[in-house]
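In the two complexes that follow, chain A is the common piece, with chain B as its partner first and chain C second.
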Partner chain A sequence: MFENTLFFLSATLTIVGAAGVVFSKNLMHACVLLLGSLFGIAGLYATIGADFLAASQLVIYAGGVVILMLFAVMLTGGSADSSNKFGIEKIPGMGSTKTYVIAGFSVLVISFTILKLMANFMKSYKAGELPAFSSTVEEIGTLLVTDHVLAFEISSILLLGALVGAAVIARPRKG
Partner chain B sequence: MSPSLNEYLNQFEGHQKVIATVTEVLGFDATGLMTFIVFFTGAFVVVNVMALVGGLGTYAERKISADIQLRQGPNRVGPYGLLQFLADGVKMIMKEDIFPAQADKTLFNLAPLLALIGVFATLAVVPFSSGLTLANLNVGVFYLIGVSSLVGVAVFLGGYSANSKWSMLGGMRGASQIISYEVPVTISILTIVLISGGMSFGSFVGGQGGFPHEWYIFHNPFTFIGFFVFFVGMLAETNRAPFDLPEAESELVSGYHTEYTGMRFGLFALAEYIEVFVLCGVAAAAFLGGYRVPFNLGDGVVFVEKLGLPPIIGKNIGQVLQLGAFLTKTLFLYYVVIWVRWTFPRIRVDQVMTICWKYLTPLALFNLVGVTIWVFAFDGHSIWDVLGHMLSSGSGGGHH
Partner chain C sequence: MISLSSYLFISFTLFIAGIAVMIARKNIIAMMLGIELILNSAALNFAAYSRFVNNNLEGHLMSLFIIVIAAAEAAVGLAIVIRFFQIKETIHIDDAAQLQS
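Up next, the complex of A and B:
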């Protein structure tokens, strides 16, 4: 019963937050609602017993990503009026019938592709097929440095590249 | 070592009997209900006591600062001015609640709540004693870092939503400072994770002993440095002086809570003081042995064997001793935090970032590598074990 309650709470938070992000006119509010939605996702992870993922979700998104998004929105003045001083909409392409149709269609295509990809992971392991772990932390750690070490290293190189690139762009030019 | 409050209570017969009685009366299995009640009561008590600690924190701050500056401090309300914080609270509630006309109302309301929610959520994993831990999560420390970063969002939103230049600058400084200093703090905690082999506070404290030489701070030279990196980073994360740039009075009026009045401001202040307590508790648990009491008095076995007390009383005496040990260490660190605030001048913004990225982060990374090598080379033994082994084998070799 407790898990059901937790699931419904987190799912509601996720969906309401996500809907709020889409329908909110104010970008700042959208960011805060996104925070709520991400917390809901952390709750969903906790519901299925993936405690490490839930905590990482909190650390990475609540701690880092949302604050950076808030910064970016604030510095670009995104929360100001949606029309500029000539009365023209700043983002005219958003929200017309055409974009909704295209977005709906791409959502269908993408979700089918993802479901097709996911089908391989959906199989449930029998007892004894995987080694017993006392917590998901050990399990994720073991898998990261054994089976998925290539993906792990590639992603770290990607992050390093992003870091160096950001430093190069941000560096003041001489002369 | 009982992992959480409920499991601690479950080992007593009285508690089991209560569950059985409730089951009989209600006609269904009351284990779940009783678990809920236990956790609810525990959380209720902990949150309220911590709010009290936060309130007393303001009193301690004023009294200690008065001591340092050769003043009297609050001494009119109650004995030694002890009830000053209650008077302050009443004053804050009575004050007029002002909304700036240009403020973003929703976010302005939300920001103090977010700060308080983030701090109260961290209390779930603080290990007060081996029995009084609300939840011994497998990822306890990670969870704590995650939810406490809500305070950063709150600081930023508070600064943004008030629509004032001072607040905005304070909020930006606060958010950038908090996310920057999270890096060295997290890496310093990671060194302890490496040694203890777990992310829960139970495994942190369980790997240490009651005596200073069994604490992780004296485990090896790297953790000794790591403790100070953690402590400095902790000061910056809680916006305490010398890192109180988000609320620098001399430049920014009062920083991100300039426009807040009454209890809304009070919530920010309360959140700050409780966060300092929680992070001091984390430092105590990760580096200073947490709730461990010397001679294993904490598990209460000695009282049962030597004094002939019934096990339940022995256990509870042990718990009280553990609570005392934890609070002593935490409150000592709390004192140091206040002491630092009234001793050091505030540093500049660029110095804050320099200290974080050019000194603390490389130092923390160096510690991480050092601890990794240490744990690998000496199989997780502390420097005292290694020295003792070397001395005994050295003298043994001398005889032959």
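Up next, the complex of A and C:
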């Protein structure tokens, strides 16, 4: 019961946040709605028993990426003039009735095809009982330094390269 | 009642939202928000499959690597955006039309 409640709350938060990112005119509002959507995804991770994943999603996205996005929005002039230049209905070809009718039919056809293809596959995986809660942190740590040690080291080198690259690219230059 | 297809549906919605943002927005930072949505939908798929199909932790590791890559991508992308804004005084995607100014 608690699991169902958490699932529906998180799913609602995720989908509403994503729709808000699509339809919000103000870029700052879009960033904050993206934060809500990422919180919802962390809740979904919690419902499938991935506690370490939920925690790192919260720490890295809420504490890192969204703050970085907000800094970039503010450094580049914020949401000024965003309503008439960046709104979804100002794009040519988006907003006329014909576009929406064609897009609706395309969505129907494509989704029926995909669902038909995936029907057997989806039916064959009913929700098993969630095993008794046990922390996944220890197993993930063990896997990271035994089976996946190469990917782990490569990702650390990637992060170092991203750090140095970001500092080099964004530094102020003379002239 | 919560099954694999619930998670697949949420992931599909997130992916469609990200694609719509990337197509409709002309602001580079807004397009990067769409990229974050798409990466998150992929990570959610990995975690859901590893919960419902094979009960091991490989999917969690893949989601962790996706989160790491998304963080690196956001850092470098925003640095490029800020540099572009210093040069061109705009972050409209149609103004990024030449390789060398």
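Going forward, the second predicted complex is superposed on the first by the 115 of 175 C-alpha atoms of A that agree within 3 Å, B and C clash if a C-alpha of one lies under 4 Å from a C-alpha of the other, contacts with A are read in each partner's own complex, and residues count from 1 in each chain.
Following the convention adopted for this analysis, a contact is a pair of C-beta atoms (placed from the backbone, for glycine too) under 8 Å apart; a residue touches a chain by one contact, two chains touch by 3 or more.
Just so it is clear, the structure is predicted and the values come from calculations on it, not from any experiment.
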item: Room on chain A for both chain B and chain C (clash or fit); value: fit
item: Touching partner for A:F52 - first (chain B), second (chain C), both, neither; value: both
item: Which superposed partner A:V164 touches (first chain B, second chain C, both, neither); value: neither
item: Touching partner for A:T76 - first (chain B), second (chain C), both, neither; value: second
item: Which superposed partner A:V145 touches (first chain B, second chain C, both, neither); value: neither
item: Which superposed partner A:G64 touches (first chain B, second chain C, both, neither); value: both
item: Touching partner for A:M28 - first (chain B), second (chain C), both, neither; value: first
item: Touching partner for A:T136 - first (chain B), second (chain C), both, neither; value: both
item: Chain B versus chain C, judged by how many residues of chain A each one touches; value: C
item: First (chain B), second (chain C), both or neither touched by A:L108; value: neither
item: Three-chain overlay, closest Cα atoms of chain B and chain C, distance in Å; value: 14
item: Doubly contacted chain A residues - partners chain C and chain B; value: 52, 56-57, 64, 68, 71, 136
item: Contacting residues of chain A [partner chain C, same complex]; value: 3-4, 7, 11, 14-15, 18-19, 21-22, 27, 30-31, 34, 37-38, 41, 44-45, 47-50, 52-53, 56-57, 60-61, 64-65, 68-69, 71-73, 75-77, 82, 85-86, 88, 91, 94, 122, 125-128, 131, 136, 139-140, 143-144, 148, 151, 155, 158-159, 161-163, 165-167, 169-170, 172
item: For the chain B and chain A complex, residues of the former touching the latter; value: 32, 104, 106-107, 110, 137-139, 142-143, 145-147, 149-150, 152-153, 156-157, 160, 172, 175-176, 178-179, 182, 186, 198-199
item: Interfacial residue positions of chain A with respect to chain B in the complex; value: 1-2, 26, 28-29, 32, 35, 42, 51-52, 54-59, 62-64, 66-68, 70-71, 74, 79, 134-137
item: In the complex with chain A, residue positions of chain C that touch it; value: 1-8, 10, 13-14, 17-18, 20-21, 24-27, 29-30, 32-34, 36-37, 40, 43-44, 47-48, 51-53, 55, 57-58, 60-61, 63-65, 67-76, 78-83, 85-86, 91-92
